[in-house]
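Sharing a structure with you now.
Which chain is which? They are A, B, C and D, in the order written, and residues in each are numbered from 1.
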Amino acid sequence: MRVGVLTGGGDCPGLNAVIRGLVRKGVQEYAYEFVGYRDGWRGPLEGDLIPLDIPAVRGILPRGGTILGSSRTNPLGQPDGIRRIKDNLAKDEIDALVTIGGEDTLGVAAKLYEEYGIKCVGVPKTIDNDLSATDYTFGFDTAVGIATEAIDRLHTTAESHMRVLVVEVMGRHAGWIALHSGLAGGANVILIPEQRFDVEQVCAWVSSRFRASYAPIVVVAEGAMPQDGDAVLKDGSLDSFGHVRLSGVGEWLAREIERRTGKEARTTVLGHVQRGGTPSAFDRWLATRFGLHAVDAVRDGDFGMMVALRGTDIVRVPIAEATARLKTVDPALYEEAGVFFG
Amino acid sequence: MRVGVLTGGGDCPGLNAVIRGLVRKGVQEYAYEFVGYRDGWRGPLEGDLIPLDIPAVRGILPRGGTILGSSRTNPLGQPDGIRRIKDNLAKDEIDALVTIGGEDTLGVAAKLYEEYGIKCVGVPKTIDNDLSATDYTFGFDTAVGIATEAIDRLHTTAESHMRVLVVEVMGRHAGWIALHSGLAGGANVILIPEQRFDVEQVCAWVSSRFRASYAPIVVVAEGAMPQDGDAVLKDGSLDSFGHVRLSGVGEWLAREIERRTGKEARTTVLGHVQRGGTPSAFDRWLATRFGLHAVDAVRDGDFGMMVALRGTDIVRVPIAEATARLKTVDPALYEEAGVFFG
Amino acid sequence: MRVGVLTGGGDCPGLNAVIRGLVRKGVQEYAYEFVGYRDGWRGPLEGDLIPLDIPAVRGILPRGGTILGSSRTNPLGQPDGIRRIKDNLAKDEIDALVTIGGEDTLGVAAKLYEEYGIKCVGVPKTIDNDLSATDYTFGFDTAVGIATEAIDRLHTTAESHMRVLVVEVMGRHAGWIALHSGLAGGANVILIPEQRFDVEQVCAWVSSRFRASYAPIVVVAEGAMPQDGDAVLKDGSLDSFGHVRLSGVGEWLAREIERRTGKEARTTVLGHVQRGGTPSAFDRWLATRFGLHAVDAVRDGDFGMMVALRGTDIVRVPIAEATARLKTVDPALYEEAGVFFG
Amino acid sequence: MRVGVLTGGGDCPGLNAVIRGLVRKGVQEYAYEFVGYRDGWRGPLEGDLIPLDIPAVRGILPRGGTILGSSRTNPLGQPDGIRRIKDNLAKDEIDALVTIGGEDTLGVAAKLYEEYGIKCVGVPKTIDNDLSATDYTFGFDTAVGIATEAIDRLHTTAESHMRVLVVEVMGRHAGWIALHSGLAGGANVILIPEQRFDVEQVCAWVSSRFRASYAPIVVVAEGAMPQDGDAVLKDGSLDSFGHVRLSGVGEWLAREIERRTGKEARTTVLGHVQRGGTPSAFDRWLATRFGLHAVDAVRDGDFGMMVALRGTDIVRVPIAEATARLKTVDPALYEEAGVFFG
């Protein structure tokens, strides 16, 4: 059995741990051979691959990123993309393909399996934790940990200067990182993409916190929007690709808070540091187990399936089901956090 | 409604987060009054309490330990213990008691509820993660993180000197910390209390690792035992309480590995650093939610129950059920990890 | 002897360690009494003070920020400012004033001492490390550590996507944080305010790194400027105070690199996380010693002096001398780092 | 010019940063060729070497340990050791030898230079910071940081249980790690090898701390000794090499404190975690600069010299001078810390 592996989409701590888990178990227990396709779907599109044996995966467990490289290349958007993949997999004598990625990457895998019979097994990856069918995805715990540590640090600055500190964290469509890091960091306001926010309400919470003689921390997901946000977040300038640039919501919110409450406000945009570096212990454990179970799915011929976490068990679910809809923050959960606002 | 709170047993990162969650929600949403009993069951035994209002819980979320103090005092072992607790609760006009603790502390709460009708709600706490009925307990993730970071550090020392490094982690009866930190840290051998180990097998793994030109890390739970361990771990000396002192299994194992393989071996006993200090983001999130849900159980009159984590949900289970048996490592899970041994 | 203490300017990890050192030694060894003025020079201007005894400084060593609060209030810019301070110090029966702050705060202290005979002792504080007369200031090591950890994390993201990552760190007038964190983090380009940079040269380094099959990290101090920077960094918009907003140099540089090299570039602006949170061990040690030695200077009647680090010794230097000129990065030191560029 | 490099003695965070600094500058600026001898002096004794080019040193800056391996092999203790080294260096066509190590390793280098004219340049390395002639050695800051973080964690456990926590840190002959981490961690007692301690005095400090309602942390260097320590620390058992085993001073001290004060005491022995893992930013900066300056010393023909830190400058001093005597803790410095005892 010769197994191809690829990692697609944004990088995420734990990708290397999945690869190591796959290869260690596949080689040692099932005598499989592995190859790694480079840079996500670009690899099988162009037949760009490297051998993956046990020495190749030594020492990669604690390393962030992916030794295979990644890209957002989508074969569905390319003329003849699927056919070229099929041809290259055949040429490379690949019996099964393990695709590690998010909604887009797995969506291609689902299509390849359903429409063309390519033997795919999926491993879910999204730092945003917004994939259905799994309790958690690896990388999320690391990102939450980094954001929480930053919030811890910002508390002392906020208190020393009696200033508002706005922290913009990742989460374009789902507020999981904001919710978890905001709760863990003791934020006084948490804003998520799932619910448009009322900037007046935010200012009321901010002011109430100052009245109690404390300085507030506002955690805002990058995708959170004020009630009239589509209008206000456009600043008219163009980015290097010619798109209209949106002001970051964090910057905008700090300016609004200053204007409306008269208090100094500062913004920190955590950005890419949330997705780089060594994975947390939880993410290494989860990613390693995903790798071990994905190779078992290959052995069982359980194709079109994805490994997923349910409680403390690793289960298998149809890839198509997992990518059908985004897992967003439940309103009840967001309300639960609301006790700490203000 | 006047609610008493106590924390019992060994300290654990996240205790303060539970207390804060309880008080914030109880005061703000239900207008409850809270008092904290000091040092576990010693508090209600002696009527030693402090008021717990919102200012008292400010800033404690990121702090390890417990602002209420803890102890291993067990009222069941004291003449008249239960009656004194009943009398003091009555005198202090306590309507409900939230007990945060492990098997022993919760066992007392279960008995108080079942036999004497005292209105108890439990919050599970054990750094060892060995309580049934909950997927995880807070403190465990922090401990695993600390142990994993230590293992990361020890790898470089092992490789530089081509030495065996034995890391003894917590876990007297269950190997969860060893298993998770061993997997996350890339250990080459993981030994847990649930399965007696064969020291010859350990030495074979160690030697095989050296043959591959790498130096091994052996993670051993403090309660792990060699097959003939009862005999070999006694060193005959007495500790300060007059008990026969057992050599730590880590020290013993390093000596055996040196003797049998001829390789240098060193031991690190992580000890109390695993249970102190600021909780991880995951533990703060879990502990905070346990606090919020425990006060909801009080409001619902759901006594004799304990909050627990199932997947990503907080549920309620009878305390008695949760403490009935230890949650040990499933043999299948341990075998899964075995692919990395050697 | 009754000693006033104030902390002025931006907050900085270690301020609390200085305060604790002062009070512990002053109370225990010299039986001094201490009061803390709140929010920098605002405190003595308005007579706003709190008592500082040993219980007040317990547990503050590891805490970032300052328990006294800080502000950028400058009495020299206020009508009658100096006289009000003199009057309040007299009213509060202050025998000596320990001022902990940067160039501005210490400048006021120097003036108060020289022109009005107020008995000041200075403790240098700047996260930017740009004060003359001391080898290091506390807070700097913490900031460098945080920036270095961020750079470590960004390496994996840069490599996985073969992207340029630009990291903007603090340093408006001096490049110490950029230089130290860039060296420690293995950056491929380091840009500092002391030397205008040639964006073509930066792009050449970036391209050379890609040719070696690695992705570059560019560390840029917030005050670094391209050769024609005054013009290009203005984006024409106004900030909330009506000032023309300068684009951050990091954002600007990433756009230029994209435009000129055709490679994707992303920016991370670390911002306030660099100055918050618990101080590093080095900063706690340095700040504690500064506190101990400042109270000795008070005892010795050595006013108008500031404590400073020289090698491993704490010495005293005239405040006026220390604030006379900015300590910028020596061109030879910057050139030394240049071996790693490209 | 062909330069040999070796790393000797215990491993230490920063060794790889030195090697990288040497090779980057030597190859790029001076077109030198480098080879690495493996496992300290064993390498040149046995002619065991590997090529060291720029690809070989990529990515090693943040990695602990040493890619060259290390050992305590001492050629002076071997018949014909020096001659074999001379012969191998000649055979390998080595023009200069950079030796990175502590007292022992550098002592050999000094002898090789002085007595046999071998062109050695030294780089000081000791985690204990006890080498004369340099303000700091790399690795020390990392060790102090790890110990301080452990002490931070232990505070919460000590307070929660009102227990004494004894932390044994590295330092066989010098108390630098104990002194710095004890000061930075807010220890209540610090014990160093330079001054025999009175266990009654330690117990008095411990008891005084409890009277103030706080729990004490005692930091003790592994080489610290009670006044009558030679007798009491022998427990009579033999280690695996047949030597009489000394009880660790930490364990012994905890038992004595329990016996004399009646308070519970626990010991944590930090051990090898202090010397492993990624170097701190300070240590990476220092080690990198040592590497850069050592290769400059080779270029200048400045043999028999060692690089050293003085203030913020890297200077050169005769190796022989640097290894002539141990740099121990100055009694005045230890007394300065005493204000925090009790």
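Here, a contact is a pair of C-beta atoms (placed from the backbone, for glycine too) under 8 Å apart; a residue touches a chain by one contact, two chains touch by 3 or more.
According to UniProt, the chain labels map to these proteins: A, B, C, D = Pyrophosphate--fructose 6-phosphate 1-phosphotransferase.
In this text the structure is predicted, and so the values were computed from the model without any measurement.
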item: Most distant chain from chain A, judged by the mean position of its C-alpha atoms; value: D
item: Distance between the centres, which are taken as Cα means, of chain B and chain A, whole angstrom; value: 30
item: Centre-of-Cα separation between chain C and chain A, whole angstrom; value: 34
item: Distance from chain D to chain A - Cα centre to Cα centre, in angstrom; value: 41
item: Multi-partner residues of chain D (each touching 2 or more other chains); value: 149, 152
item: Chain-to-chain touches, reported pairwise for every pair that qualifies; value: A-B, A-C, B-D, C-D
item: Of chain A, residues touching chain B in the complex; value: 24-25, 28-29, 58, 61-62, 135-136, 141, 144-145, 147-148, 152, 180-181, 183-186, 214, 278, 280-282, 284-285, 288-289, 292, 310-312, 336, 339-340
item: Chain A to chain C touching residues, read off their complex; value: 10-11, 13, 15, 63-66, 69-71, 146, 149-150, 152-157, 159-162, 165, 235, 237, 239-240, 255, 258-259, 266-273, 275-277
